[in-house]
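Okay, got some structures for you below.
Below are two complexes that have chain A in common, paired first with chain B and then with chain C.
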Partner chain A sequence: MAGTQEKLLEIQNLKQHFNIGKPNEVKAVDGLTFDIYKGETLGLVGESGCGKSTTGRTIIRLYDATDGKVVFKGEDVHGKKNRSQLKSLNRKMQMIFQDPYASLNPRMKVEDIIAEGIDIHGLAKNKEERKQKVVDLLEQVGLNKEHANRYPHEFSGGQRQRIGIARALAVDPEFIIADEPISALDVSIQAQVVNLLKDLQKQHKLTYLFIAHDLSMVKYISDRIGVMYFGNMVELADADELYSNPIHPYTKSLLSAIPLPDPDYERNRRRIAYDPSQHDTSEEPEFREIRPRHWVLCTTKEFEAYKQEFQNKES
Partner chain B sequence: MKTELQTSSQHNMEAPTPRRNNFTIFLGAFKPFFTNAKSATGFTIFLIFLFIAIFAPLIAPYEPSAAIYLPNLSPTADHWFGTTNTGQDIYSQFIFSARNTMIVGFGAGILSTIIGLIFGVVGGYRGGLTDSILSFVTNLFLVMPGLALLIVIQAYMTASTPFVTGLIIALTGWAWGARVFRSQTMTLANRDFISAARMSGMSSFRIMLTQICPNMMSIIAGNIMFATLGAILAEAGLAFLGFQDINSISWGTMLYWASNNAALIRGAWWWFIPPGLGIGLVGLSLVLMNFAVDQITNPRLKGQKRRKKHGRKTARA
Partner chain C sequence: MEKILEIKDLKVHFNTFAGTVQAVRGVSLDLYKGETLAIVGESGSGKSVTSKALMGLIPKPPGEIAGGEILFEGKDLAKLTEKEMQNVRGADISMIFQDPMTSLNPTMTIGKQIMEGIIKHRKLGKTEAHKLALELLKLVGIPNPDVRIKQYPHQFSGGMRQRVVIAIALACNPKILIADEPTTALDVTIQAQILDLMKNLQKQVDTSIIFITHDLGVVANVADRVAVMYGGKIVEIGTVDDIFYNPQHPYTWGLISSMPDLDTNEDELYAIPGSPPDLLNPPIGDAFAPRNPFAMKIDLEQEPPMFKVSETHYAATWLLHPDAPKVEPPEAVKKRMKKSPNKKEEN
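Entry: the complex of A and B
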């Protein structure tokens, strides 16, 4: 099945290190390899500071990658580019931010915030067309045309996030990186925004990289989920597969932390602690396919052990 | 969820919230200047001097440099502030000096703010080598002794007008502003809306102009006032010391002549008090207006005031 899907984005051995050569060097992302297929939603989960957001920001070129490649539709995102190449890339990739209070310029009207991309890429011929486009976008994200002339501080967090989504959609992108778009929102608003994202995906045939740490929400929106730990991806599988058959000890530990509104289950829920020293250190771990479309970071020995574990489970 | 949103939009359409028109918004921008007594006083003094400066030729009864009247007069009905020892009308000199001082002060203040903005914002936004170079230049200007440098430059430029003095003041005194702008830019540059602008393909120059600068408007306004105050004082000081063309018309030059002709010893108070008071009042108005800017920049000051009032009310009740 994997072969039939078209690859939109290939990330090959992506590395992003900060403060290189200094004592406080940080390897935020260290050798990440995965593909994103057209039309899917890839969820990226992991604990705070494991490099999820850095991955997203490096993919979209907000940071220059230390090493590795990001290939978008056969074109390398990083590397030298002239202005027109950069512009066409900017039109295809957009980002939705975590903090709806920091992501909108407080001094600009909503209309101008949304029309930023339209102006730069010259997508509207005249003022009326620009206004019409902004109104259309506002309506698509569930706001209305009266909101165009207001300033961001007149909106609630959920409404601001909708404005952020409208801004991302303004240039008609194919790929959107959603960097924890719901983490800063109320739980009731989270569902609205996630549903909105899902609807927009259908309408515009969008591809998402959905970064989050709310595991239940990620399961709801994602087709596939990648689990990150300390700058590396430790497990990547279809959403249902990952939740029903977690293999990597870290994934198991992470999933054991999800609370359920079920007292009987909660009473017996046991947190599995993750101990990195349990791994086989005889060789560098590699990303291996244990079952079709289910990849785990492991050494050869562990690979065998994990496979064995599966057979035992099935028999 | 959807139905809820639709009803709210219909409600909005039926009763559109009245939007303020441009003129009231423009007036509203000056509201903070009247919210407390200090800034209201400052703004009033400032407006008076602005009026004097703009309409100087209409207000002043005589030509300021014409030495054709009776010398050494104390205030009379014809000559409100008396005359100098060469027979010039001091009142007319005072009025025209206000004009020069305002032009020099604000010219230098705005120019030095612009230079500071270029150095600070570009350095703070770009970072890296650009920042290192620009910061180095800024620090260089910061450690130069201001007045001594001005005196040296002025000594080379024989018979400079107040405008040249203003230019020199602006070119040497921008470093403090640059420092402030740089740090403010650095905090703004990491905000998400700057990232969003970069991702939509906006050029760095446009980001600095349309995204960063509008967000530090209050700091820019404060810096203009501060730099203007500095420029007015520096210009007056240099002119008083005689490093400016002694035939120029400015409060500093008036003080220079007053002191040279022993006005203080002779008790000719009408000669040195008007220019001194003028410098003091314009300076005071700028400082007082800065309180208002402070209040806009720092919301905590507003809160404290409200709490104080609240306490007073409850104490009375």
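Entry: the complex of A and C
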């Protein structure tokens, strides 16, 4: 799926610090650099507090970046912009939120929730067209037109998440950030929503940034996966490559902690603990490409060691 | 093996303005000494309500235990008064809740919270209780227990708080520990630590655990036996190998195939269609029938009984009836079956 290597989004040295200059300053995201290619799904994983959600929110300009650049189709997302520039940017980038209970306005009808973007961007000429658009969107996400006149509380969690997806699709975006879109849902419903996201991606040629902590689901949906730790990306590779050849000790530890639905595997599982002090601290680590398309955060010394590890593995 | 708890045809109803919700519709279950029994199912399947009934935590009203027995050491827990129940709760049976952020009292030091149960149930003095609390904190792996014991919950991280909750639950050497999604709110790495901790502690204190979760990965890790619940009933029960490598009920098939493992590469993930049944008006026949691609006519008319698959393995589906047609389980399940350790030896 990542056949076309056209860059849709470039993130350069992105930083997002909170409470700057105060004793409780938090460097939530601290110098991220990566690209997102057109049509791919990039998964972002890491434990809570590692900055993965902040990354998503900063990319879409819900936060003003402290430093660094987000370039969407050659245009910087941050920086001074007038209303119309912002509007056109917002149309191309949309977000699906984690909590389907909190992210829909309880006082609005589903029709108005979905059509809010259509109204703001003036995408419908008249009432009939607006209505028709909403019905089309509802059908695309597996709901039907009777649902348009109801309120969010009348729906189950899975259905609400579908409404959230329809709302994101309403303005015909190219890029969608899905921030833990399935973690609040039941197992049987998770699969439905994941399938829906995949189908929509094919139909609309969408690009996803998929933020999650359920690693097996991420592996399934993503083309490439980035692992974050303490505001930094420590490893980035194709999904299969990352799972079969993890290099960074943190990635190894994270992968060894996923419980898999296979009792025999679980009985023999060895958990690897991560010890941040094992790193070489003689210089600032950099993001280096260890194999084609496989990037790791490491120092020069570690870089050589990791390469050696690979050669040993292959021979 | 010795039976420690016996649930017989338990029914729990909730009376609401809209009518009576039949949350648990006849659950029968045995718990053996020293084992871990996992109860899996989606929300609304009745797994949490079943465990709350064991603890006498069903709010009455609107809830009521509409029938059945919970036999523990010759007593029927369903018929105890609140006073009598208080002697059981926390002492013989204790519970670990899902959310470590809300299950601790924010205005009490954690030392006090651990000592509370010890003083009440074990009739110890303050100094002895304090000593025991320190030991418990050490046992659950909290560093610097002498300092930490004087701290408040907000000074702990999520994983550490869950360790405190476990320490409280273990304070009186309970015979049964009910863990209601104890790791759902935690990160994978912390989750793995807590699961390892629970397994080690179980060996040390020899308690039986009822583990409620919807994460099949966690089930595979901790459980000896598994009960699958759907629509307020147990639809399949067996050892962990029975359920993962030889599942019989179409709902179990659906659950297993809707969870990708790291080898899943299919274009489309199997999703169970539709949504869970409305327990205000439970369907006639097999509650899963409307979502079941293998449903037969009889599924819509008559409820299937528990069919015996093996000594340890039972499932409630008409597919196991001798007259039923043979059906092939979905691809993902067949793949899972091939991974069975017994099969590997045969090959």
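The rule is short, and it goes like this: the second predicted complex is superposed on the first by the 311 of 315 C-alpha atoms of A that agree within 3 Å, B and C clash if a C-alpha of one lies under 4 Å from a C-alpha of the other, contacts with A are read in each partner's own complex, and residues count from 1 in each chain.
Quick note on the criterion: contacts are C-beta pairs under 8 Å (C-beta built on N, C-alpha and C of every residue); 3 or more make two chains touch, one makes a residue touch a chain.
As the structure is a prediction and not an experimental result, all values here were calculated from the model.
Engineer: Is A:Glu146 in contact with chain B, with chain C, with both, or with neither (first, second, both, neither)?
Structural biologist: A:Glu146: touches chain B, not chain C.
Engineer: After the superposition on A, what does A:Leu104 contact: first (chain B), second (chain C), both or neither?
Structural biologist: Touch partner of A:Leu104: chain B, not chain C.
Engineer: A:Arg269 in the overlay: touching chain B, chain C, both, or neither? Say first, second, both or neither.
Structural biologist: A:Arg269: touches chain C, not chain B.
Engineer: Touch test for A:Pro261: chain B only (first), chain C only (second), both, or neither?
Structural biologist: second
Engineer: Is A:Gln192 in contact with chain B, with chain C, with both, or with neither (first, second, both, neither)?
Structural biologist: Both: A:Gln192 reaches chain B and chain C.
Engineer: Return the residues of chain A at which the contacts from chain B and from chain C coincide.
Structural biologist: In chain A, residues 191-192, 195 are touched by chain B and also by chain C.
Engineer: Give every residue of chain A touching chain B within the complex, in rising order.
Structural biologist: 57, 60, 62, 86-87, 90-91, 93-95, 97-99, 102-108, 113, 116-117, 120-121, 142, 144, 146, 149, 164, 167, 170-171, 191-192, 195
Engineer: Touching chain C in the complex: which residues of chain A?
Structural biologist: 47-48, 156, 158-159, 186-192, 194-195, 198, 213, 215-217, 219-220, 243, 253-254, 256-266, 269, 271, 274
Engineer: So in the complex, which bits of chain B are touching chain A?
Structural biologist: So the residues of chain B touching chain A come out as 1-2, 5, 9, 12-13, 16-17, 19, 191-193, 195-202, 211, 214-215, 217.
Engineer: Show me the residue ranges of chain C that touch chain A in the complex, using the header's touch definition.
Structural biologist: Residues of chain C touching chain A: 42-43, 158, 187-192, 195-196, 214-221, 223, 240-241, 244-245, 254-256, 258-262, 264, 267-273, 275, 336, 339-341.
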